[in-house]
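See the structures that follow.
Each of the next two complexes has chain A plus one more chain, namely chain B in the first and chain C in the second.
Moving on to the complex of A and B:
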């Protein structure tokens, strides 16, 4: 789902950066408050796991593949602010190590996947966990992925409208919403399902190991 | 290069932003030539490293642009060149930065971020190594390729084991560093 460098106009990434910087600052404060030296190694491991999950290609119908995101897991275990910051690090590493995503696209990717993804997963989980915890995890992760994918599709589809040459030719991403919405959302229906099941598996494991303080002790 | 790593990193960030402000394919072509010239020895490897992650995206985008041009009958060569060149220049800049900038040294003023980065990088290597071990072990013990279900089950098992091992490993490293007074930041 990552948007690479060169496809997002400055008219998009500069305002996105202006929104992301105060959110990163606030997230850093939350991080300092919530994560002590004891939890830092665990957070680092989960951040690495999110990195691995987002490098993991999932087979899709039609012979194609897509990748998981992993931010839902971070949000459920560490909360949305820490997850946002940790996922930003994942995006930085992916941009600088694997060439997936990019530096100019970082604020947009971080807001779409890190912020919206983490907060959607966190809020939906807390809304639904009284119904059934496992169902809450599945629904929270699935919907969060669709929300993130929707935002990425909207941002990409906006590019030909706001960044054109004098002759009307596109300067950055060339296709509008009629292409981006189905092309990005449809595969993520399958990716969302697969990632929701993966996250549930790891979340239950983390709960058994008492890595989620709020849920510790509830396991029968 | 005599520049310090934080300066190199700042230069890279500035160059990336500057490239997104250039909309003339001829200028981007000159920038690409300049980058290849300045990047020193190992240019083919650098170009390969830059091209690999963006190749499929560019092929997909380019065929889409050509198809749209064919449908509408409008000239698309300019847009095609501009988008391809910009993505390649940015990918080349990033590949060069990855090769010649040590992020540990670039982040020297932010010790907590640096420590986090080091632990995360270590864990990524650990996960990769465990996955490779598992794949090699499975391959050496089976004569037929595993089914998709077996692959998923195997991945889940190794994933959870790797998670346990990763947490244990990271906690041990942190405790060892603390006992040696390395975490008084």
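Moving on to the complex of A and C:
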């Protein structure tokens, strides 16, 4: 789902950068406050897991393929601000080392997957956890992935409308919403289901180990 | 519960957590051997009178017949457009020096922008995102960088705690 460099216009990534910078600053403050020395190695391992999950392709029905995101797990265990910051680090490394995503596209990718993904998972989980905790995890991760995919599809589909050459041809991403919405959202229905189940398994383990302060507080 | 027993229980829990983290880290190190790889669109360019850019996915597959555009230096109109050929290549003959761009975009948002530098003599050169390290090596390197960043944060925190007045 990473948007690479060259596919989105400056009219898109410059405003996104203006939004992302203060959010990164706020997330850095939250990281300093919330992540103690004991949790730091754990955050490192979970961030590495997110890096691997979002770098490995899953074959999907229809001959296409996609990858998980991993930010939902980070948000449920460490909170949305820390997850946003950690996932930004994942995106930077993917752009520099893996060739996936890009530097000019980083703010858009970070906002779509890191910020929206983390906050959707976190808020939905806390809304639904009183119904049933396992169901809340599954729903939170599944919906967060669809929200992130929706935002990426909307941003890409917007490009032909806002950035055109003198002859009216698209200067950046050439396909509109009628193409991007089904092409991006449908595969992420399968990805969302798989990642939700994987997240639930790891989240249960994290809860048993008291790695999630809110869950431990409730059980105590 | 006695103090000694509580200390022992705490030590056992920490040992179990350390074992789990080590197992997870081991799993991460084993994963690069997997055949399932990332979706980055890599490329390699050859130097000559005509520029040839070859695109490939990390698993060796190629974006056959995906749409591309070649943008000349300082021009907003495409110099050339079309679809990638049956061997995953785009070729074009630059008519002026400068930085040329080859942009490939798939319908699901994947793609790449390749910059090809063309000199006055007409020779083209471009960096290859795909030449050099294999994808498992990149994945391993990425995990290494990531754990290194957190290691540096831990070191910095430790130094700051030592220098803090009691």
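Criterion: the second predicted complex is superposed on the first by the 216 of 220 C-alpha atoms of A that agree within 3 Å, B and C clash if a C-alpha of one lies under 4 Å from a C-alpha of the other, contacts with A are read in each partner's own complex, and residues count from 1 in each chain.
Keep this in mind: a residue touches a chain if its C-beta (ideal position, glycine included) is under 8 Å from a C-beta of that chain, and two chains touch if they have at least 3 such contacts.
Note that this is a predicted model, so its numbers are computed, not measured.
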Checklist entry - Overlaying the two complexes on chain A, which is it for chain B and chain C: clash or fit? => result clash
Checklist entry - Taking the superposition as given, does A:42 touch the first partner, chain B, the second, chain C, both, or neither? => result both
Next on the checklist: Quick check on the superposed pair: does A:153 touch chain B, chain C, both, or neither? Answer first, second, both or neither.
Outcome noted: second
Next on the checklist: Just to be sure I read the superposition right, which of the two partners does A:141 touch: chain B = first, chain C = second, or both, or neither?
Outcome noted: neither
Checklist entry - Is A:184 contacted by the first partner chain B, the second partner chain C, both or neither? => result second
Next on the checklist: For A:10 in the superposed arrangement: first (chain B), second (chain C), both or neither?
Outcome noted: first
Next on the checklist: Contacts for A:108 in the overlay, against chain B (first) and chain C (second): which applies, first, second, both or neither?
Outcome noted: neither
Checklist entry - Who does A:67 touch here: chain B (first), chain C (second), both, or neither? => result second
Next on the checklist: Just checking: does A:83 make contact with chain B only, chain C only, both, or neither of them? Give me first, second, both or neither.
Outcome noted: neither
Next on the checklist: Looking at A:52 after the superposition, I want to know if it touches chain B, chain C, both of them or none. Which is it: first, second, both, neither?
Outcome noted: both
Checklist entry - What is the shared patch of chain A, the residues that chain B and chain C both contact? => result 4-7, 37, 40-45, 47-49, 51-52, 59, 89, 93, 97-100, 102, 165, 167, 169, 171-175, 179, 205, 209
Checklist entry - Which residues, counting only chain B, touch chain A once they are in their complex? => result 13, 16-17, 19-21, 23, 49-50, 52-54, 57, 61, 64-65, 68, 74, 76, 78-79, 82-83, 86-87, 89-91, 94-95, 97-98, 103, 115-117, 119-121, 123-124, 126-128, 131, 148, 156, 159-160, 163-164, 166-167, 170-171, 173-174, 178, 183
Next on the checklist: Touching residues of chain A toward chain B in the complex: what are they?
Outcome noted: 4-10, 13, 37, 40-45, 47-49, 51-52, 59, 89, 93, 95-100, 102-104, 165, 167, 169-175, 179, 198, 201-202, 205, 209, 211
Checklist entry - Once bound in the complex, which stretches of chain A touch chain C? => result 1-7, 37, 40-45, 47-49, 51-52, 54-59, 64-67, 89-90, 93-94, 97-100, 102, 152-153, 156, 165-167, 169, 171-175, 179-180, 183-184, 187, 205, 209
Item to check | Residues of chain C touching chain A in the complex | outcome: 17, 20-21, 24-25, 28, 31, 34, 36-42, 59, 67, 69, 76-78, 101, 103, 105, 107-113, 129-130, 135, 138-139, 141-143, 145-147, 149-151, 153-154, 157-158
